[in-house]
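Mind looking over this structure? Questions follow.
Naming follows writing order (A, B, C and D), and every chain is counted from residue 1.
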Amino acid sequence: MIATAHIVDNSADTLIARFHSRRQYSLALAEPLTSEDMQLQSMPDASPTKWHLAHTTWFFEQFILLPFVEDYQSPQPQFNYLFNSYYEQKGERYPRAQRGMISRPGIEDVYAYRQQIDSAIEQLLTTNTSDELVSLIELGINHEMQHQELLLTDILHAFSLNPLYPAAFNTKSGITELSADHQSASEQFIRFDAGLHQFGVAPQTDFYFDCEGPKHKAYVSQFALAKGLVTNADWLLFIEAGGYQNPVLWLADGWAVAQQEGWQCPLYWRKQGDAWYQFTLNGLVPLALNAPVSHISYYEADAYAQWKGCRLPTEYEWELAAREQAISGNFSEKQIFSPMPCAEQGVMQLYGDVWEWTRSPYTPYPGYKAPEGAVGEYNGKFMSGQYVLRGGSCVTPIEQMRSTYRTFFYPHQRWQFMGLRLAKDC
Amino acid sequence: MIATAHIVDNSADTLIARFHSRRQYSLALAEPLTSEDMQLQSMPDASPTKWHLAHTTWFFEQFILLPFVEDYQSPQPQFNYLFNSYYEQKGERYPRAQRGMISRPGIEDVYAYRQQIDSAIEQLLTTNTSDELVSLIELGINHEMQHQELLLTDILHAFSLNPLYPAAFNTKSGITELSADHQSASEQFIRFDAGLHQFGVAPQTDFYFDCEGPKHKAYVSQFALAKGLVTNADWLLFIEAGGYQNPVLWLADGWAVAQQEGWQCPLYWRKQGDAWYQFTLNGLVPLALNAPVSHISYYEADAYAQWKGCRLPTEYEWELAAREQAISGNFSEKQIFSPMPCAEQGVMQLYGDVWEWTRSPYTPYPGYKAPEGAVGEYNGKFMSGQYVLRGGSCVTPIEQMRSTYRTFFYPHQRWQFMGLRLAKDC
Amino acid sequence: MIATAHIVDNSADTLIARFHSRRQYSLALAEPLTSEDMQLQSMPDASPTKWHLAHTTWFFEQFILLPFVEDYQSPQPQFNYLFNSYYEQKGERYPRAQRGMISRPGIEDVYAYRQQIDSAIEQLLTTNTSDELVSLIELGINHEMQHQELLLTDILHAFSLNPLYPAAFNTKSGITELSADHQSASEQFIRFDAGLHQFGVAPQTDFYFDCEGPKHKAYVSQFALAKGLVTNADWLLFIEAGGYQNPVLWLADGWAVAQQEGWQCPLYWRKQGDAWYQFTLNGLVPLALNAPVSHISYYEADAYAQWKGCRLPTEYEWELAAREQAISGNFSEKQIFSPMPCAEQGVMQLYGDVWEWTRSPYTPYPGYKAPEGAVGEYNGKFMSGQYVLRGGSCVTPIEQMRSTYRTFFYPHQRWQFMGLRLAKDC
Amino acid sequence: MIATAHIVDNSADTLIARFHSRRQYSLALAEPLTSEDMQLQSMPDASPTKWHLAHTTWFFEQFILLPFVEDYQSPQPQFNYLFNSYYEQKGERYPRAQRGMISRPGIEDVYAYRQQIDSAIEQLLTTNTSDELVSLIELGINHEMQHQELLLTDILHAFSLNPLYPAAFNTKSGITELSADHQSASEQFIRFDAGLHQFGVAPQTDFYFDCEGPKHKAYVSQFALAKGLVTNADWLLFIEAGGYQNPVLWLADGWAVAQQEGWQCPLYWRKQGDAWYQFTLNGLVPLALNAPVSHISYYEADAYAQWKGCRLPTEYEWELAAREQAISGNFSEKQIFSPMPCAEQGVMQLYGDVWEWTRSPYTPYPGYKAPEGAVGEYNGKFMSGQYVLRGGSCVTPIEQMRSTYRTFFYPHQRWQFMGLRLAKDC
């Protein structure tokens, strides 16, 4: 099994309620979008809203209804080809880069498909709450949460190509200008001792993804971690210091990409005259100087750290700092959908606001084995060329977050809410 | 002026009626499409339906309202950036390849824009029917017709990428199987004498595009032209004879493209088991053997002609044959939207069904000068690298057709309704 | 037959002498080059010197020895794969873009191969001077001349990538600075009457390539042709007038290429401080202001003509002006290898100095049929997408030149010695 | 300092002798090559032999003569531009992908340059043997060794594109066919206990590269390592089992590359009829079944391990096994230049034959800081996207090898002598 759920109350009713609530949240996020918005695919990395809504449904159908319902007949057999993302063991797939070409089924057809599958799942759960089934429901719910985040980052990217700067949402903005006595906490360091620690979650705990385990030991040298995230104001100083023009600060691969793509600032920054703006899910807004910088690549994060004579933390370092803290912060449910400033004691904003790039490549933990079957393709086959990010962002559902959660992206990617925190040896 | 209109009845009422009728036809063609369909851009050469509907409106606004209405204020000033196609003299443009990314304005906004502009045009025409204005209205109407054709060829291309084979229309199919005693007329030749002829239209005639003139003399050697178009049945023989595997038949550039793209048949043919089908605006249908072959590149047409020991006609040869004939045939108004078989006396199907590739590169006629101003960018700047096609197709409005009409495409392009007729020296 | 030779004195001795002399000239051109120079292939369009020397030899072997010598055994059977350029009917070929990867055979092996084949040809000619054989020898000699030109243009391109600016030759430079009272003749026009003319050479004349015939009639409208070629001084004015920044002057395809490639001046111009230099086969030299501009694309030539309110001549117009003139000028044998200024009566420099872009796409003349067999691939299969240039250049052997000679290149290509002459309607 | 040398005998004479001997070895490796061979650059990753000979010389000039010789005047100032590889702090560089375009300086000029610099180094060493200088000489010697390896792998790649299969060397082949009772040792595992170990070398040891340090602790779980390398015979079974056709075995990135590149076997395997051959520095030879497989990517190595239910070792695991062993094996000095079979006690062939892919991304060790100055660009800026390989190969100088040596390549690269050893958890 890819995941094991240790759910305190796994009565059918509770599970069905959680299932419907989580499924409903996807629809809520899509609610302000038009059918034309939901059709957009702005790059191969991103997918249309409509596709997300259909694919998460397909996931429940393929991984639960198909194996658990006897003689299961799909209401939409053709959808297996259209909405399989990357599971080789589930058969041929529609080319990823063309997902934006599927105008039919229309969004109404996809809503109907969701209802059909949701009803079937509910019916199944009234008769079967085996551990295996509950675990897979849990997996489907976590999968749905991941796509709820992608739905938002993907529509942000699509809208960013529209010169009319459409706003997907119109929620509280809450972002303030930089006060005169402002001091960034991004260079206030907190020290941690060296030690041999245990990492990776145990089988008896709550739900986790296979890549978060198994439990294993690792030695971590003494290090220091910054109290605060690097902010937009910090980043402006990097720009003004010529950070984007100085190859000596950059990894060789990063410099090559930066030159080829013409990077001069984070992905959604826009300069109009002398003023900086940022494109957000609330449209184009003045750059919030004291908010964490976001939408930067690993390469940019690493160059910034070089410039500061620091480095990025490893994922173990991050986890050591995070695992004692309560999980709260600026997550999706706050409906701000932009990183926000913060002022607290201790290491701040480990959770929420922005995913934090670590310097740890996404590799298997000692003893890791991908599960058997198609579900084994969920994580294992992506363990090359990517880096781990930790902590979740302002568009991540809070329920999904835990100190062991590893997300992963390529070092050139910028369309997620990605930021950084400095670390250093000491 | 790009064009001169010699309109018998250019009373305001008549012109307004023609204008509205032509504008209405664009909406009628889009009627069976959903807002998601109208969002699709399946390749840089093609445009979304919504874009066509907005761009043709922009054309009237920019080339007529802006110069003729005093202190003209656009209801949508941002649309100039979004819906300018390629007129450098009209300012910066949104990148062509990203037209499918514009979900907002939505289709309802575009419909509203059309109404606003149409009302303004109607109002203008009630007070001004100067020759210059009438000529520009005429140009706008002809421009609208060109995009009515593109709207259909572009949605056909987009739908062809959908494995569910959606049908845009459900009109009469009318296409029959090949009868046992069938004889293709594609190798029955009709001879024409050599002679010095006049080509190009005169300033005092009806509307024409600048590239159709000026009137000039050209000498045409003796030649023969096939009675019939090459049919799907003919093309099957080419495939079976290994035409797509034999480089000796092909132009060097054509062979290179064919290998790179993996061409093995016309663009929309699909083989299922042993049977050939064709994807059409009515969905996937069995291949109509006696219908003209369509959706082939210049390179394929040339290779076919080589295989037959023939050649493609020049545009002058085609025009000599066509200019004595009445203009009728399978055009857009028949609402078949697929090439059809035909049986007649003389050279058949010169008009309608499929555009016919000629071996004439699209070059300026002797004495040609592009008009002054942005309107001069309509045709002249495209006079390199393309070939002339003649006669119109099953998705061309018949009003647009005349014996001097030159359309032009790159030799590798296949998404228009393009076919061929053989010619030879004699 | 691709070509027919009407040679006055085709005695074996004379033919052998001509053959050896022409073959020897290739070696003479390569003489100043090192074995490393001769290895270079700087782009897929160009070939290494060593490859030219081997390929022209292969041509004699394949088209003459193989068919005419009984039981012919090649001394180097593997060379057919390596040195076939593009003849599909001669079998598989080594990939064109990798010609620079063939370090073995070394240049000494290629010299030995040349000697082997030359001896065999000489021996064959002592026993056989049939018309067919003589025609093919003539074809081989003309083929050798074409590659003598390419050998020079290709090494110039390769050397242009070397920041040390190597000089292949050290011959007289002869190029003067622009005098104070200088007047370009590029806008002095000479008028020609309209008329129906005969073009294309007859079968009973001297050697010609198949694409120069057959003889046919064409009507040419009244036109005017400039006395002089456009000079470097003229071109500087185009640059200073913002010619490279103004899309309105350019063909749409040309503007796209110019932006993508970042064109700001002719291919081999280099600016150092405020001064312009040109890289030549004699190294980097100050720009010769009164010499004809060279190494410009069709797109640039067309934009220049647009800027001047003129156009490029058609190939018929050029031929009408040229066919009364004696063939002399700055050709390869002068060993200057750079375009030179000129002052004469009448239309000047029609021959030599630079190939002149015409506005005529390279298409078959009426009645053209490619010859049977591999020799038919010499010209016919390239008749799409290219433009005709006329008149030869400073690296063309003069023997090759005639008023009907058509060379052809793609409109974006610049590495040949390509210039322009203005024309206009009148 | 990038490296520290603890050289027992660093008398001037001994150091000069070592210097000359190492420099001479480069010339010896190039000796069988022609000047044309030495010009070849077959892909951007590879460089011409001539470039390697010049660049290693440039390294001594820039990192030693320039800082240590007062008022140093380069005999070839232009070579800094031509032969700088990637040191941003040394100024602009000639584009890497065009190194094969530099025919001048010729090879004789490069030989002369080597002599000039070598004499200057010798002269400098007679007057200065400061620790800093000796360390840099040591660095230069190690750099020379790295390029001695690249010189061989790069010419092998270049020759592999020549259909005549040239042999660079003609040394003993020594490779036998697979005997009937053969048993591969690639699945005989030896177990290692878990433990907290120290890795990374200390400042007081012999020469090492910066990336090999600093000394640090890491915990290694219990594991097992295969006694033998995976052999060609083993790999044939992988091919026959459909390993190249089964996406389930592959990393997602690996499968994408394999499909795009059409991988069906290791880089230099060639099938002729039913028999497998391998292209080597001795030309095309029958595949040696009991020799280690070579020229496979990380992706292929990982897929093979998946197929076997195993995994690749980490670099720590490899190092634990290797650091107790004496350093001997099939290295460059044996002049075999191909991987060979082996039969020994214990874990075999940890050193020599083929570099062994580890599953460890090339990342900085805890506490790593790149040195100041241009020398700091040697390793640190490449620490993203690459994997560590360990142990050296049949073209690595033995002097270079040590248990802590980390080389690194991208997971898609195959042109080095790269093989694999299985590992597993236990």
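Before moving on, here are some points about what is shown:
The criterion applied here is as follows: contacts are C-beta pairs under 8 Å (C-beta built on N, C-alpha and C of every residue); 3 or more make two chains touch, one makes a residue touch a chain.
The UniProt protein names, listed by chain, are A, B, C, D = Ergothioneine biosynthesis protein EgtB.
In this text the structure is predicted, and so the values were computed from the model without any measurement.
Chains that touch both subunit B and subunit C are absent from this assembly.
Each chain gets one centre point, the mean of its Cα atoms, and the points for subunit A and subunit D are 38 Å apart.
Once the centre of each chain is set as its mean CA position, subunit A and subunit B turn out to be 47 Å apart. Annotation: 59 Å between the Cα-based centres of subunit A and subunit C. Chain-to-chain contact here is organised cyclically: the chains close a single ring, every chain touching exactly two others. On the side of subunit B, the complex with subunit A involves touching residues 34-40, 42, 50, 78, 81-82, 94, 98, 100-107, 158, 161-164, 166.
Note for the complex: subunit A touches subunit D at residues 86, 88-89, 194, 196, 216-219, 221, 247-248, 250-254, 298-299, 302, 311, 359-361, 363-364, 366-367, 377, 381-385, 411, 425.
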